[in-house]
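The letters A, B, C, D and E name the chains in turn, as written, and every chain counts its residues from 1.
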């Protein structure tokens, strides 16, 4: 394995760790906003580290730029989405717990 | 290196399967939507890894399209619901037919 | 085939079946929609595993992106306006949105039927003859097709008739939606919405990027996975994003412009195809030397029309049940 | 030149539909009728060319099968193309007038012409295509345009019926597509002609056959998969009901017939044939019985379709013995032509019946069976059209329905499968029951006020033309049989002395 | 005989189809019925592509891929139409299932 491969390996593992953290947070955290926080970790850092790792493998600049674009877009979209979800949850319930009544149910 | 990619994708897929539990539990629609968001990001991660592993450069385009369209669902959701809430608040029950 | 590969496929296939089942059996409609969107994502991954990036691209654009929007948007229409009205409508909503638990006996019957079907299915798969497929024949015809990517060649040249009809199906579905919604479909405007500053900023950045990517995917189709459909869907998504954010640019178009937008791709395809007949060629046959150029023209027209049609789907669907509660029963037109 | 002939029945309606979309509402009926006339002429020219030169084929895009998609015209295709045109033309005339009436709820009637021309193109596309996947796409065009037409009136009943119709159609086409995928996996081709030489008796092929058949049976509304038909057909506007009942179910029936004899002849068994026949027989009885029970005129006619579709399926056990090596007898021809004749006769008769009932409803303002008292005195032309259609449905002598049932009976007896004969007769008996029940009311002297809303003569003339058509095809058996025999799978069995069965 | 990728997805196609078929008949809400028909379509597409992969790993058969893309677009159009109908019915009658006594 070349040094580049080692770098990919290490960065990929860190990315995977953040994905794991995001998932665990989503599953374990008590309220909506902390879950939202966990989610952004997976989105921003998890994917970011994986992409950074893959950058060591790409031969061409174009491919590297495309990868960075994908990450940038994901970052951008997820922060907007989280903003929208958060705002929605606030307007909906009026509290920061996010525990809106079970009225989605029926 | 091939085995590294496949193990990574496997790990991400397992992650995705585990996150499904949040869709069950909810409790709010926003939680479920967040899970969908996480699914999307994980899927993009798998795609960029596969693009390197197979190798199939076109998969990066697939990932690009995914990230580009991911935000649509979230906005459609918040619009439908926020709109409803605001509407109910501002003008009671007026129909607009 | 390494073991990890097979493990991945197993897990993904199991996830597919599980998601499909949960999407139909989950107690609440919202869960159903989210599971369905996840199902689309898993399908896209399955396509990549089967070396079908073209299909994965289409699935990513349509299955996960566009259909998700239509479903989520419809969901709001199904769940709102419930509070109004009497016991009858409440009963209806409760019965409808929630999956009812089945009686034990029915459960057993359904499970038994499923097991029988699975057994029959696996037998059929195992006994399937090793069919040849058309890979070799398509490969041999590639030099005359005018493009370098086999899937694009099949879609727009070898089996262009299917593709032409498919664009027709889009147009027809739009006419159907128009019937379902009523004449008000295009005329009904959204409430003037307050545009959130952050979303406004997002849209201003994202929409031009989408148009750019759409063009890129279209151009890619000649040599690599991509082409008219995927490109058209992204274009449509850009329009829908504008709509969702509260911009109303498209609602102001006159009806004839809408119609032109819907018909354009189908008509151009037909015109190019029918022009071959007086020249003594077959219907939908391109002139041999300039096939590539004609295909590009047809693809561009189709992409524009597909994008436009998908946007029209969204706009009209909104009119179908956007308002709270029952509409006035006697509409005039 | 043959390329133009073969593709015109497809291109003309589609061009017509697109142009119609952009015309002002006033001009649409006139343009639509002109287009219908042009399509009819194109179909006649195609039929003439087929009679003169035999089978015609055309490879689309210049790519021959298996890579490309081919169109093929033989006698069977011509018969159904002609049926569509000759039923479509009078129905179009009726629709032109009907949708111009200042009725209460007109819904999105201005879309009738584009949708109907699209539907027409789809039906012609099914009759011409010989590619399994292309047929899937065309079936979807057919299904979507049919549902869109069915909901034109915009009434809640029509919307509900339409949604059920759409869901049933989707399930049907997905089952069909799954079968096609199995076939492609097994044989690597989609062309019907090539597949005819390849299809075997393997388990996979059998499963594919059952999936494809089930899918198409849903669309043809064979008992017990007919659940969607009555609500969809009865809640639509009369011209649309006529089109759906008389033409659209025939398109998927045609496809079953085509696949049965051209592709899966090696895969079929005696038992499958008998099962289809049995379902058909039950459908005949069930549909007719339900029709007898209906208080609503339109529902009665819709249930009658369920029964009459059953007759079509009596054809399958009678032609399937051939594949069991039981004989190459001339009576196969009787079964074959009898089945096709039933499709033709029902096409004309059912269209006439729906149009006539539409006129009754228009005149009285109600759909109740008992409201049509003394129609024979008040709307004699329409009552006559209804009676003619009834005669053909029952199968009384000079009609097309008689020729069909006579041939089926003949084939049943000479093939030794006598048990289908009582089914045919019993079905006729029940049909006579509901037809005469209506006529009894129509002939009864009126008790109350005789006031009717005025009905344009054109509507009555269109219904009558179709009723006469249902009788007339009984007299023109010679020509129709000649056409059916072109490239028929049983053509070599034709006995010239047996050809014409003039009543 | 070893298990290959395409075998797995072929079996999955059958199972998804079975789930979808069950859903079409057992689910009552229009929304679920529409999703169920999408499942049926997905199963058919899955099978088409998985049979195409069998004969060549490096150069898969382009014909089924093209058919599936066509199929996806057709299926989405039909679903959108069904959604529009269901929403209109809901808006006009408040009903989101077929009435009791009606066939499924």
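To be clear about the criterion, a contact is a pair of C-beta atoms (placed from the backbone, for glycine too) under 8 Å apart; a residue touches a chain by one contact, two chains touch by 3 or more.
Since this is a predicted model, take the numbers as computed values, not measurements.
Touching chain B and chain C together: A.
Counting hops only between chains that touch, chain A reaches chain E in a minimum of 2. Across the assembly, the mean Cα position most removed from that of chain A is the one of D.
Most remote chain with respect to chain B, judged by CA-atom centres, is D. Set side by side, the interfaces C-D and A-C show unequal numbers of C-beta pairs in contact, with more at C-D. Rounded to whole angstrom units, the spacing between the C-alpha centres of chain A and chain D is 57.
The geometric centre of chain C is 12 Å away from that of chain E, both derived from CA atoms. Note on chain placement: the centre of chain B and the centre of chain D lie 47 Å apart, centres being C-alpha means.
The geometric centre of chain D is 28 Å away from that of chain E, both derived from CA atoms. Shared interface positions of chain A, i.e. residues touching 2 or more other chains, are given as 73, 80, 84, 87, 104. Multi-chain contact residues of chain D (touching two or more other chains): 67, 133, 137, 140, 144, 147-148, 151, 159, 162, 182, 184-185. Residue positions 17, 20, 30, 51, 54, 63-64, 67, 70, 74, 77-78, 81, 85-86, 88, 92-93, 95 of chain E are each in touch with at least two other chains. Chain pairs that touch one another: A-B, A-C, B-C, C-D, C-E, D-E. Interface of chain C with chain A (complex): residues 27-28, 30, 79, 82, 93-94, 97-98, 196, 198-199, 202, 205-206, 209. Of all residues in chain A, those touching chain B in their complex are 1, 5, 8-9, 12, 15-16, 19-20, 22-23, 26-27, 32, 35-36, 39, 42-43, 46-47, 50-51, 54, 57, 63, 66-67, 69-70, 73-74, 77-78, 80-82, 84-85, 87-89, 91-92, 98-100, 102, 104. Within the complex formed with chain A, the chain B residues making contact are 1, 4, 8, 11-12, 15, 18-19, 21-22, 26-31, 33-35, 37-38, 41-42, 44-45, 48-49, 52, 57, 60, 63-64, 67-68, 70-71, 74-75, 77-78, 81-82, 85-86.
Remark: chain C residues 2, 4-5, 7-8, 11-12, 15, 18-19, 22, 26, 28, 30-31, 34-35, 37-38, 41, 44-45, 48-49, 51, 53-54, 56-57, 60-61, 64-66, 68-69, 72-73, 75-77, 80, 84, 191, 193, 199, 202, 206, 209-210, 213, 217, 220, 224-226, 230, 234, 237, 240-241, 244-245, 322-325, 327-328 touch chain B in the complex. In the complex of the two chains, the chain C residues touching chain E come out as 1, 5-6, 9-10, 13-14, 16-17, 20-21, 23-24, 29, 32-33, 36, 39, 43, 46-47, 49-52, 54-55, 58-59, 62-63, 66-67, 70-71, 74-75, 77-78, 85, 88-89, 92-93, 95-97, 99-100, 102, 110, 113-114, 117-118, 121-122, 125, 128, 130-135, 138-139, 150-151, 153-155, 158-159, 162-163, 166, 169-170, 172-174, 176-177, 180-182, 229, 306, 313, 316-317, 320-323, 325-327, 329.
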